[in-house]
Amino acid sequence: MPDEVRTLPALTKEGFEAMLAESMPQVTKSGMRIDAMDHGSCRVRVSPDLHMARPGGTLSGPTMFAMADLALYGAVLSMIGPVPLAVTSHMTINFLRKPALKDLIAEARVLRLGKKLAYGEILLHSDGEADPVAHATGAYAIPGHRPAPGGAGG
Amino acid sequence: MPDEVRTLPALTKEGFEAMLAESMPQVTKSGMRIDAMDHGSCRVRVSPDLHMARPGGTLSGPTMFAMADLALYGAVLSMIGPVPLAVTSHMTINFLRKPALKDLIAEARVLRLGKKLAYGEILLHSDGEADPVAHATGAYAIPGHRPAPGGAGG
Amino acid sequence: MPDEVRTLPALTKEGFEAMLAESMPQVTKSGMRIDAMDHGSCRVRVSPDLHMARPGGTLSGPTMFAMADLALYGAVLSMIGPVPLAVTSHMTINFLRKPALKDLIAEARVLRLGKKLAYGEILLHSDGEADPVAHATGAYAIPGHRPAPGGAGG
Amino acid sequence: MPDEVRTLPALTKEGFEAMLAESMPQVTKSGMRIDAMDHGSCRVRVSPDLHMARPGGTLSGPTMFAMADLALYGAVLSMIGPVPLAVTSHMTINFLRKPALKDLIAEARVLRLGKKLAYGEILLHSDGEADPVAHATGAYAIPGHRPAPGGAGG
């Protein structure tokens, strides 16, 4: 996409981090970090950590699900602004490879933004590696009233 | 099923708890408890806790996913005995209702046990309430070599 | 459930068949038949047929998907009455066993009926056999205006 | 990918069409056509047709599922050569928009090819339109013995 028609995100990385710190402190404590946000996409990063370990020493499935869920939440909010009451409606995750003992990255993008439901996909891969570790798809339900686009994201 | 033909689980509740304490201490620390295990089924319980909270004060989606994943793991191991390297292959979760501020219970049952893959479903509901809070389906990949049925569950 | 509190379906088997014959003749032509309908559940049956065959001689995956989709549609309409514009929102299907060369049966039940979305599961098995051939879960989106419950089902 | 390192498909479009005509004549009769095949990807096309219609005049959900399933089958065989006994293991489909009354196109790509299981995603869109109509993910189980890569695709 040419730079000049790029749409600004309705919620910035900094705005999303502030929102998480206030309304979901457990996310911040979990070690998941917001790496990047653009209009319709969001990248989440986590470093391997003992308390997430599974037999074999890698990040657990539930941790990967939490990353996918958070990345999709960010991608949706990047389009509609901060809506704390948006909730996951359904999600499917396929685990494809054992993750390396490196940072794990989840990249979400919205494939459809409707009035009530936003749907997207999330690709998880180890830092610097192309092969996906997991792939997820899911939807967020968007509650009725929402702030004007971009209004609260700054 | 009449009691007299009931198959004993290949891994008991106590055996599963011991296995988790040793190989997945983060599960034990998470507050998830094994409530019951039978041949082909497993029930996991968690009490609401601040660090799991979402806006609105309820258990988060990732916590429910972790419960579903653990309950299905237990249900699979109840049929094949303790196989620490069984890993989740894929899972789909649908969130149906906001959970009450009560204990949340995940009940898993295996619908098909193959040589390489076990498939099952998990129903999550608030303690004492019939309506499901979430419903999940998923599969565990079973590694090649496994202990004789029942051999390591004691 | 005791018989005396049983809720009548908002759309009967005969009403559903008439609705399909009028608005979805391709379903009737496909060989899928409505076997039973009750409040919140529906059973669809199909006999093996050459045009559905896969290598190995069994019903194809897409045919099983079509059965699951139709059975869930019937189960939803059994609760809300005939709403032709209800459409599938998402569906997950897991194929568990090769079906026998017998009638295949899909049994759907609604797990949650919301105002906008109905969610349920579907179990497929060969006639007279307990082991499931496939298992599906999915949701139907319900359009805004709908007839009064039971109003059009007769 | 630069053209000079492009991997040839282990099964060509013509080879796949011949294989379908022989072993799955119902696919050919259904009106689904193979549009393109490359190593790891496959595109399937279908023209709107009365017998596929739903209320509102569009392609039905089961037809879209059948397209997604066939496209993923092609994408998998483009990597492993003609393996008629590869079967769908599981699939999730999300319906995003009402398709236009135009040709519908399903584009599949493999995200992971393992020894026993191949996983991929499929995007469906109306001809000439960017917005996806549906999105699916799924896996094919690959039977034990298979022809040497590329050996039978000609």
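By written order: A, B, C and D. Residues from 1 in each chain.
Convention: contacts are C-beta pairs under 8 Å (C-beta built on N, C-alpha and C of every residue); 3 or more make two chains touch, one makes a residue touch a chain.
Here the structure is a predicted model, which is why all the values come from computation and not from measurement.
S.K.: Superimpose the Cα atoms of chain A on the matching ones in chain B and note the rotation angle, 0 to 180, in steps of 5 degrees.
M.R.: Fitting chain A to chain B on C-alpha atoms yields 180 degrees.
S.K.: Go through B-D and C-D and name the pair with more C-beta contacts between its chains.
M.R.: When C-D is set beside B-D, the one with more contacts is C-D.
S.K.: Specify the chain most distant from chain B by Cα centroid.
M.R.: Centroid comparison gives D as the farthest chain from chain B.
S.K.: Rounded to the nearest whole Å, what is the centre-to-centre distance of chain C and chain D, using the mean of the C-alpha atoms as each centre?
M.R.: 25
S.K.: Measure off the straight-line distance from the CA centroid of chain B to the CA centroid of chain C, and report it in whole Å.
M.R.: 29
S.K.: Taking the mean of the C-alpha atoms as each chain's centre, how many Å separate chain B from chain D?
M.R.: 35
S.K.: Among the residues of chain D, which ones contact at least 2 other chains?
M.R.: 90, 92, 94, 139 - these are the residues of chain D that touch more than one other chain.
S.K.: Chain touch graph shape: choose line, ring, star, complete or other and state it.
M.R.: Drawn as a graph, the chains make a fully connected set, so complete.
S.K.: Mind pulling up the chain A residues that touch chain C in the complex?
M.R.: Residue positions touching the partner: 89-90, 92, 116-117, 139.
S.K.: Please name which positions on chain C make contact with chain B in the complex.
M.R.: Going through chain C, the ones touching chain B are 92, 94, 96-97, 111-112, 119, 121, 131-132, 135, 137, 139.
S.K.: In the complex of these two chains, what residues of chain C are touching chain D?
M.R.: 23-24, 26, 29, 50-56, 60-62, 65-66, 69, 84-85, 87-95
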